[in-house]
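A single structure is presented below for examination.
Labels run A, B, C and D following the written order; every chain starts at residue 1.
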Amino acid sequence: MTTQERLKTQPLSAVAHVKVHGRTTGALAPLTLFWTGSAVEFNVQGSELWIEVEADYEVYEPWISILINSVPVSRQMLTAGRYWICVFRGMNENAIKNVRVVKEVQAMSEDPACLLQIHAVKGDGEFLPVADKPYKMEFIGDSITSGEGTVGAKAEEDWIPAWFSATYNYTAMTAEALNADYRVISQSGWGVLTSWDNNPHCNIPRYYEQVCGMLTGERNEALGVHTANAFEDWQPDVVVVNLGTNDGGAFQSPAWRDEATGETHKQRLHEDGTYNEEDLAAFEEAVERFLGTLRKNNKKAHIVWAYGMLGIPMMPSIHRAVSSYMRKTGDRRVSVFQLPNTTAETVGSRTHPGVLAHERAAQALTGYLHEILPR
Amino acid sequence: MTTQERLKTQPLSAVAHVKVHGRTTGALAPLTLFWTGSAVEFNVQGSELWIEVEADYEVYEPWISILINSVPVSRQMLTAGRYWICVFRGMNENAIKNVRVVKEVQAMSEDPACLLQIHAVKGDGEFLPVADKPYKMEFIGDSITSGEGTVGAKAEEDWIPAWFSATYNYTAMTAEALNADYRVISQSGWGVLTSWDNNPHCNIPRYYEQVCGMLTGERNEALGVHTANAFEDWQPDVVVVNLGTNDGGAFQSPAWRDEATGETHKQRLHEDGTYNEEDLAAFEEAVERFLGTLRKNNKKAHIVWAYGMLGIPMMPSIHRAVSSYMRKTGDRRVSVFQLPNTTAETVGSRTHPGVLAHERAAQALTGYLHEILPR
Amino acid sequence: MTTQERLKTQPLSAVAHVKVHGRTTGALAPLTLFWTGSAVEFNVQGSELWIEVEADYEVYEPWISILINSVPVSRQMLTAGRYWICVFRGMNENAIKNVRVVKEVQAMSEDPACLLQIHAVKGDGEFLPVADKPYKMEFIGDSITSGEGTVGAKAEEDWIPAWFSATYNYTAMTAEALNADYRVISQSGWGVLTSWDNNPHCNIPRYYEQVCGMLTGERNEALGVHTANAFEDWQPDVVVVNLGTNDGGAFQSPAWRDEATGETHKQRLHEDGTYNEEDLAAFEEAVERFLGTLRKNNKKAHIVWAYGMLGIPMMPSIHRAVSSYMRKTGDRRVSVFQLPNTTAETVGSRTHPGVLAHERAAQALTGYLHEILPR
Amino acid sequence: MTTQERLKTQPLSAVAHVKVHGRTTGALAPLTLFWTGSAVEFNVQGSELWIEVEADYEVYEPWISILINSVPVSRQMLTAGRYWICVFRGMNENAIKNVRVVKEVQAMSEDPACLLQIHAVKGDGEFLPVADKPYKMEFIGDSITSGEGTVGAKAEEDWIPAWFSATYNYTAMTAEALNADYRVISQSGWGVLTSWDNNPHCNIPRYYEQVCGMLTGERNEALGVHTANAFEDWQPDVVVVNLGTNDGGAFQSPAWRDEATGETHKQRLHEDGTYNEEDLAAFEEAVERFLGTLRKNNKKAHIVWAYGMLGIPMMPSIHRAVSSYMRKTGDRRVSVFQLPNTTAETVGSRTHPGVLAHERAAQALTGYLHEILPR
């Protein structure tokens, strides 16, 4: 079509103004989006825009949402291959559109082949600067923060990328309400100390200082997932940690056994159903250590441990750990905030918080952070 | 990928159980979806499903939404070409999924090249029967019924397919609430007598008895858009007519002039801003005539003229016309219902009703129809 | 108590600034409140205020609400007798309080003994002027407008004053939203032509031009209920007529028989359940006549027939009558507006609209009137 | 009136079935209601019911609400004197009404003359038993729990009884949602250790074991306010403690000085605005001690420290104290729950939580307690 002829293609790395969201290695040729909520954002003055994506996977395919002027307009699965996707067309060529292409799905630690890259753009317009927002926020969490369950019927049970969303998510909603740029570090099933099934390797702190260290495989290695994250380049005003739900679940789950080494791990319950104090203490130490790691890398951030969208059994431990950390270090810029619980009315698919639960969490968290953020 | 090898491709016409929504010529090789809300629906027992689509256009591209178990999961622009789209993958192969691929955009009378076809399916599962719902509903309308403005930021002004939706639409919501299959006949800017800009050719009644007669061009002609619709094959319980908004607008717009013939048309205002009685009468006659056409083709339906989402200036005329029609014919199965107006809170893009306005309209209409539908 | 000693008593007629709401004869010694929503309003700079009321009844006792600074603070039954009621005490003596004592219950045409009077005030403060609001509205209606069912459990069935409210009522809510002074003329069970049980004497138009002509008995006569209302003193910008519900009900009710004269009346149904055309025509004539009466007395008002909180069976007739009236008279300042229907969620006691139904009606009506009121 | 003649008067102590809510000495001749939410409840089969009340005060007058079949119907100030109040009249004499007369205002520790008593009843009906609800709950709190600010315009600033309510209150809402009988122990401005202005005498624990020991004066003394509460007669399933807000406020307030003794007290801030650790520790010890007192008297209750409707500055201390108490005692039936904060949208008068804030708190607390209450 002649339409195509007037469009100009350029590699992403050559675009005058690109704003990348989410941790990366800095590479733009191509840009790899690892984490949920990671995105590429443009201000474009033109009638039409395409992006060239590359997707791959063995099991879990990537999904993206496209937001135009901050409103979600499309959301789609990216099947394997390298191809062009139209972001918009037929629009007034003089108006400046803000567009954001967002990775809807978490980093997939269990699928080394999972990949989402952006190679190039094609359009008839000019790329203009995208201003930074007044605040920066980092969210750290598990399936809740990955938006698992925000899409799909309540009856859905399959663990598939389709039911995840970065957009219908308390992270995006809170950042929008506070006018903040944001990043997300999250992994379904993981905790501070162990995963929901007692696997001690599946904890967020272990990989926090790498770009996306929980990803495996040669390709990810080559893409730099294990390189140290450049914290100095992006210092958040607030770090929200929404972890503990899977650490709590571990107490209710069977022991984990490493088939290779015979190693086992189990957070234990007493016979009366209460938590084993030693194992609780291990969790609390993990929380304390993680707070130290967070502070080391995020010097100016207020750290909020925000917990409660699927119950609050670990809340006393979280408070004890935070109190202990603050007493030992004198660090006063840490607090705990209870998020509203998910109800029969607000639940989504896979018995996870639904969009309504994320909206209520975002409202409560926004109100709380509003009083903490510098003005 | 080996995954692909275990998938079986078959033309849509060979699939054991296919449910098609919306007016068609009956052809399945391929299936052409003309109207917004038109869809293909399957019950599939399998882990993966793809569909082969073909899209074309000069100006206005088609969009689709995919609903899994009645919940919207993806929504995307279909760029020109013939290609495969993955509906779902990685799901439990034993569970039966209900999937619906829905045309999100109205028939595009101004783009003869606009085309959406479905050629084939590919998957690893069985296709099972899709039961008919207890009721059938037909919605007839203009941009409101086409869902114009239900997507996009309030500031959006471009007239592009992206801002339309059949899913976030009072038609789909009402049908869902009443457990009804439904069809939509709609065209932005059109009315009962004329379009918003006084063009007397742009009225829905003129094409109501054809499959999709407002479409032009050789390809559409060949696809059968001008063939008579097979009303006997799909008799609705309710016909909802949401027309009159553009007929009202015509009074406020300049005269239309046919450049070829010099013909002009204008619904006139008096100097004091009130409506010219003669022109109002012409509108009322058009309403009466259309009711006759509707009754002729929909013998058992209750016909509801449902109007008011963008104000009610034509309501007295609509009532007069309906009263007159009922008196002359003795037909008692016709009524008028005022839909809630759009407010600053519920407005969407392009100063059209937004999703909230559609939700409120659906609630009001559902309550009203609940008492009318046979039980 | 010494507190009492510093309070100064004065007859209402001697108070420097009194604002009376609702139709009266103008008498202030004492002031008789006839209609629901009638009220006495003060701006008081003082710490304490009492009013001396007199109440009487054979069957139906009066109730009042007290609003301080526009918010309802108390609501109570007035048992028979003449006594003092404390409006407020212990407040900052320097602040000016706006207080309004509102009659919560309709004029009781079936209890000639029912009486509510205000004789005097007692306080330690100054009475300051109460400004008129920018608009004046009159509401005319039946039990819906009398607020029947806005108080009490859904299961309540007794017809008693306790279940009525002028405050939790679409009339008060609409007037508040539009910043209007307002009056209410209403009577449960009455219509434009007949009452719900076909009594042709129980229609609002018959008494519209008197102060409160539907009240009977010597005391009411002496109080001036049958004197002509002084329309020239209070000209509304909008008259809202919410009548028709009982006229519709009459078709479903047995014939009314006047035991004295043997006279009977019945709005008839055809065997198929549709309305008898002759009887419908009588209703429509009554609507037309009443519009004439309203216009004669309210020269500048926009008249809105607002109907639908308990279904819309009479809507076609109302539209026909309004169209006919407008055509014959050339009066263009009349319109029809459909109010939202009551649902299982919004219903109150006695299967009447509850507070939620009144709130939704007020929202819709406010939006509609907002575009009609002069600015 | 003849109506009165058929009514039978009897002292409250002679009524066959009376249910009293709230702590009392057990006396019924008359019954004195001390605490907010205290009430007398009847099931009456009759057409009319009156109660004889006695009210007194120097400064703060009592208010009551009357609920019929669980719905608030009237709410009124009780001026000084002994007199009859009509609860209902004109109702179906065969239907059984549940009626509750509720004290709307807290015990007034600053007005020794404040009094509300119920002497007798008068009616034409039978009194039938009132069943106990399946659960019993006790709420302990400050102004929030006293419902300060739930009535009146946002701008109101006077500290007067009119702005308090036991009915539009999270206590009543939560108890209703959980189908529980409930009692309230609350006092505006008080805390666990000190009042908002650092007065160490104004703390709830000090008087918790007496009937209503914070009341002073000879009459209250004679009424038994200082006698030991009969905990054994009413053992709650849940004790909700909503204290800490004033203890937090004390850090921000000037020192309190006892004019008689010269004694002063002050919860101190560091220069950087953080809390003095020693004073925090004193608060935490007070929480621990109070938990001991609560457990001693409420053997089977789950104790929930529910805090947060006006911010959460004391939450870390509350958690530390609860953890410490649980560790030392082995008591596992204690937990902490964060209530939703009040927002600009939900605030009421006197910058206290409004009705909307109480509704949201009740929803959250109900959801939490639902999982804790034995089933």
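One rule holds for everything that comes next: contacts are C-beta pairs under 8 Å (C-beta built on N, C-alpha and C of every residue); 3 or more make two chains touch, one makes a residue touch a chain.
Please read all numbers here as calculations on a predicted model, not as lab measurements.
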Farthest-lying chain, centroid of Cα atoms versus that of chain D: B
Which whole number of Å gives the spacing of the CA centres of chain B and chain D? 58
Using Cα averages as centroids, what's the distance between chain C and chain D in whole Å? 38
Note: chain C sits from chain B at a C-alpha centroid distance in Å of 44
Shared-interface residues of chain A (touching two or more other chains) are none
For the protein chains shown, what form does their contact graph take: line, ring, star, complete or other? ring
Spell out the residues on chain D that touch chain A in their complex, using ranges where they run on. 272, 274, 308, 312, 315-316, 319-320, 322-323, 326, 332, 335-338, 340-341, 343, 364, 367-368
Residue numbers on chain B that touch chain A, as the complex places them: 1, 59-61, 63, 68-71, 73-77, 79-80, 84, 86, 88-92, 95, 151-153, 155-158, 160-162
